[in-house]
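In what follows, chain A forms one complex with chain B and a second complex with chain C.
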Partner chain A sequence: MADTEVREHAHPTVDVYLRVAAALVILTVLEVGVFYVPAFHGVLVPVLLVLSAAKFALVIMFYMHLKADNKFFTFLFGAPLLLAVGVMVALLFLFYGALTLRGAAGAG
Partner chain B sequence: MKSWLTTTDHKRIGLLYFWTAFVFFLLGGIEALVIRLQLAQPSGHVVSAETYNQLFTMHGTTMVFLALMPLSASFFNYIVPLQIGARDVAFPRLNAFSYWVFLLGGLFLNASWFVGPLFKAGMLNVAPDGGWFGYANLTERQFSPGPNIDFWLLGLQILGISSLAAGFNFIVTILNLRAPGLKLMRLPVFTWMTLVTQFLIITAFPVITVGLVFLMFDRFFGAHFYVHGAGATPLLWQHLFWLFGHPEVYILILPAMGIVSEVLPTFARKPLFGYTVVVYSGILIGFMGWGVWSHHMFAVGLGPIADSVFAATTMLIAVPTGVKIFNWIATLWGGDIRGTTALHFAVGFIAMFIIGGLSGVSHASPPADLQQTDTYYVVAHIHYVLFGGTIMGLFAGIYYWWPKMTGRLLSEPLGKWHFWLQFIGMNVAFFPMHFIGLLGMPRRIYTYSPDLGVSDLNLVSTVGAFLIAVSLLVFIANLWRTRSRGETASNDPWGGATLEWSIPSPPPVYNFSVIPTITSRLPRWRTELHAPMQDPPATPPGPIHVPGGSWWPMVAAFGLPLMALAPLTHTLWLAFVGAGVLIVGIYGWAFEPFEV
Partner chain C sequence: MTHAAHAPTAHYTSMGLDSRKMAFWAFIGSECLLFGSLISTYLVYKGRSVVGPYPHDILNIPFTSVSTFDLLMSSLMMVLALAAVQRGDMKWGKIWLFSTALLGLVFLGGQVIEFTEFVHKGLTMSTNLFGCTFFVLTGTHGAHVAVGVLWLLTLWVRALQGRLGPANAMTVEITGLYWHFVDVVWIIIFTVVYLIQ
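Up next, the complex of A and B:
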């Protein structure tokens, strides 16, 4: 082990893992449920995105240990993730022509 | 023989990578020579148009995926664990798996030269022929009905698995296996650039994999991800390919930059000028490399806003690159310079990379780029970057670390011959291509008219290519001579500052008899604040455990080309056999005792 940057960490207890699993189940039920609630139909996509982001965060924080681990690993995970999101957004704009003079002419 | 086939020792795997990649490098070079023979005069008849398409496709694919990347990987394998004071990589058997997958993927791709008769075609008829960029919709079944593109898309998927496995392995190795005291900002720059490169690999290869899987579905299962007639667009492929392709350029050049950053201080007898800035520039290049891909697509007609954004980002990425170049020159400035062959190649790298970088900046301007796109100007640029840059840098590394890897010094006089022949040869071969391109000769055409006015320049270029071939013969002679008559290398023949020079040449299987504690960025040099480290003792004070050999990584690796044969031959059961071999290999591997 080189220095203080990379150090052994305490694993969450089984109890914590089970609670996170329960939270994931509840979030999944909510994801399925909102589809059947007419009030959500107008905002279905943002709601589903928020719920799936919450599940994603729980998985990487607890099951991938980033919450308990050194912050450096969070940076190593987060920086490429941000990069990927940025690239995806740029690609979507490019691909659908929103950044071109063709405007709404469509893909390509 | 068995010990080499089952080895999990990073040093042996490094040598396996080197020799395998070097053979592929020669193969790619022979393909280039045939291309140059064909173009030596107008209306050439050395090869047919179909064979020419296969030659330039396989030349590009071979050089990028089977020569340059794995030659860098040979140094990642051999040198990085030594530079960080580790006994091996984090996952030795995964490392062996990466090598075998690479070898089998390379053989799978190159088998396409010879297996034409199995597909009711002649020899030299079914090799990939759609360019190393594989643009849709040329690659769709409708326009390329033979197995050529299948070999390419399946072979690249196999090679991607090798790169990804190695990428994760080296990231974990560098982050977790550093010797005590070796903080990140004390890492040698080569190890730093290796780390950045591995992050680029694990982020960029999934993108090309997605693109290739889409293509595979188009070709084998009737999907139409790139079929315009079905409402899709071939441009999706271009975006996916260059999203991978531009970071790939940095995957190829950053290791060479790391090598040069090791060679220059050693032979200028000065610490690297601006270490921190060089490291951060490398990281910045890694990030910015993701924001420039559409400069490969200006000719598509992306519109003025997108063109402006990508022109700006492309010009901006020249800043950290230029910073590195100034730092290398400042490292040499006022140094106690020893003109070894390694230093010649390192300085040659700087000079040639500046030319390649400048022609790259000229591509950043969309109006200029529209004149250059798909002409030989771009061929000149890529060869100044990847031959003048990466190859020169890799040869600097070979001459620098060969004594550490084999225990013998390469001949310096032969090395100088090699350098000058290669240096002159590459400039004679590639510099005229700037003019050939600007005069209007498109790339990827098998012949040209004498009326184009580029016949003499093409002949000069061909002469240069053969001069490069002669230089490589000198290098091979040097390798051969060194086997038996090379001067024996001491632990530290160059007076290097980094950890690998503190142990015998070649190192024992356990590398370090005692893992050193690091207190300085230049542990073996005296600095204002630090005395040189004490080298580890010649013999270890106690027994040292090293991982034993294993057949399972190789067994698992065999599963992948078997699976790839299934779609190629339209034989479903082969997919199950391949998957079975892979699963058996992984299970055997997982349950094999670590102590062997």
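Up next, the complex of A and C:
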């Protein structure tokens, strides 16, 4: 079982935890910063989504240890996450697509 | 009377993984679907309220940014608590566990202040679609934070009683998985609800 314990407990060091925390704070400051800078308003949504995804990835990889842990845990988390994102995208297309079609029919 | 920190009997799956940790990852996967449905509902009804207050009238970005910072720091405290417990440094293990719970309580206090302010400004669950979806989404997240705080305080009390040690590191790790999941959900909510208006 020693092998199992090594595979499951190869956690980052305190130094890595502190660096990740610093990166999370910087990304949050950037998020709030771009929200207030008018120059970014044209690309606000993609920029915020990228920054948010970076924070999400940092937390799950280093704080939840998915980077070092067994890949089956990544599957257990990643598969439902992909399903949730897929449902979200499908619902948005369904509702906003219906709205757009209705708007086009009304205009026609 | 002091109690020795006994490790609960570890059960391993046929893949050689700790069964508690595997079950907890499966639970977190199901939570992804729960929050995915709530965030989807918020997005689908976004911009469809026919009466105010609307998000840009009421959301306080500086206040929520501080709450976000607070929750991110609580995640740091949680991993520091796990590292301390794993190396058997229970003095710092107790300090970091309590700090994590305290920051969780600060987040909940901020949410209570925010909700109270919104209600005073006329936004309730029955005001409009924004109010309904906003309170359900952030309220469900807040309920998860509250459960996490209770869980952390339970661990802290066990540590004070000498019933938590390196042998129980997996228990602390699983608590940490829950706490970090609550944190990543907030990372998404902060962006989708507060910053993308």
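The working rule: the second predicted complex is superposed on the first by the 89 of 108 C-alpha atoms of A that agree within 3 Å, B and C clash if a C-alpha of one lies under 4 Å from a C-alpha of the other, contacts with A are read in each partner's own complex, and residues count from 1 in each chain.
Quick note on the criterion: a contact is a pair of C-beta atoms (placed from the backbone, for glycine too) under 8 Å apart; a residue touches a chain by one contact, two chains touch by 3 or more.
Just so it is clear, the structure is predicted and the values come from calculations on it, not from any experiment.
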item: Which of chain B and chain C A:83 touches, first, second, both or neither; value: both
item: Chain A residues touched by each partner, larger count belonging to chain B or chain C; value: C
item: First (chain B), second (chain C), both or neither touched by A:48; value: second
item: Contacts of A:95 with chain B and chain C, given as first, second, both or neither; value: both
item: Chain B versus chain C as contact partner of A:28, first or second or both or neither; value: second
item: Touching partner for A:40 - first (chain B), second (chain C), both, neither; value: neither
item: Where chain A meets both chain C and chain B, residue numbers; value: 1, 3, 76, 79-80, 83-84, 87, 91, 95
item: Residues of chain A touching chain B in the complex; value: 1-3, 5-6, 76, 79-80, 83-84, 86-87, 90-91, 94-95, 97, 99-102, 107-108
item: Of all residues in chain A, those that touch chain C in their complex; value: 1, 3-4, 7-9, 11, 13-14, 17-18, 20-21, 24-25, 28, 31-32, 35, 44-45, 48-49, 51-52, 55-56, 59-60, 63-65, 70, 72-73, 76-77, 79-81, 83-85, 87-88, 91-92, 95
item: Complex contact set, residues of chain B against chain A; value: 175-176, 178-184, 199, 203, 232-236, 239, 243, 287, 290-291, 294, 301-306, 309
item: In the complex with chain A, residue positions of chain C that touch it; value: 12, 15-18, 21-22, 25-26, 28-30, 32-33, 35-37, 39-40, 43-44, 61-62, 65, 68-69, 72-73, 75-76, 78-80, 82-83, 86, 169, 173, 176-177, 180-181, 183-184, 187-188, 190-192, 195-196
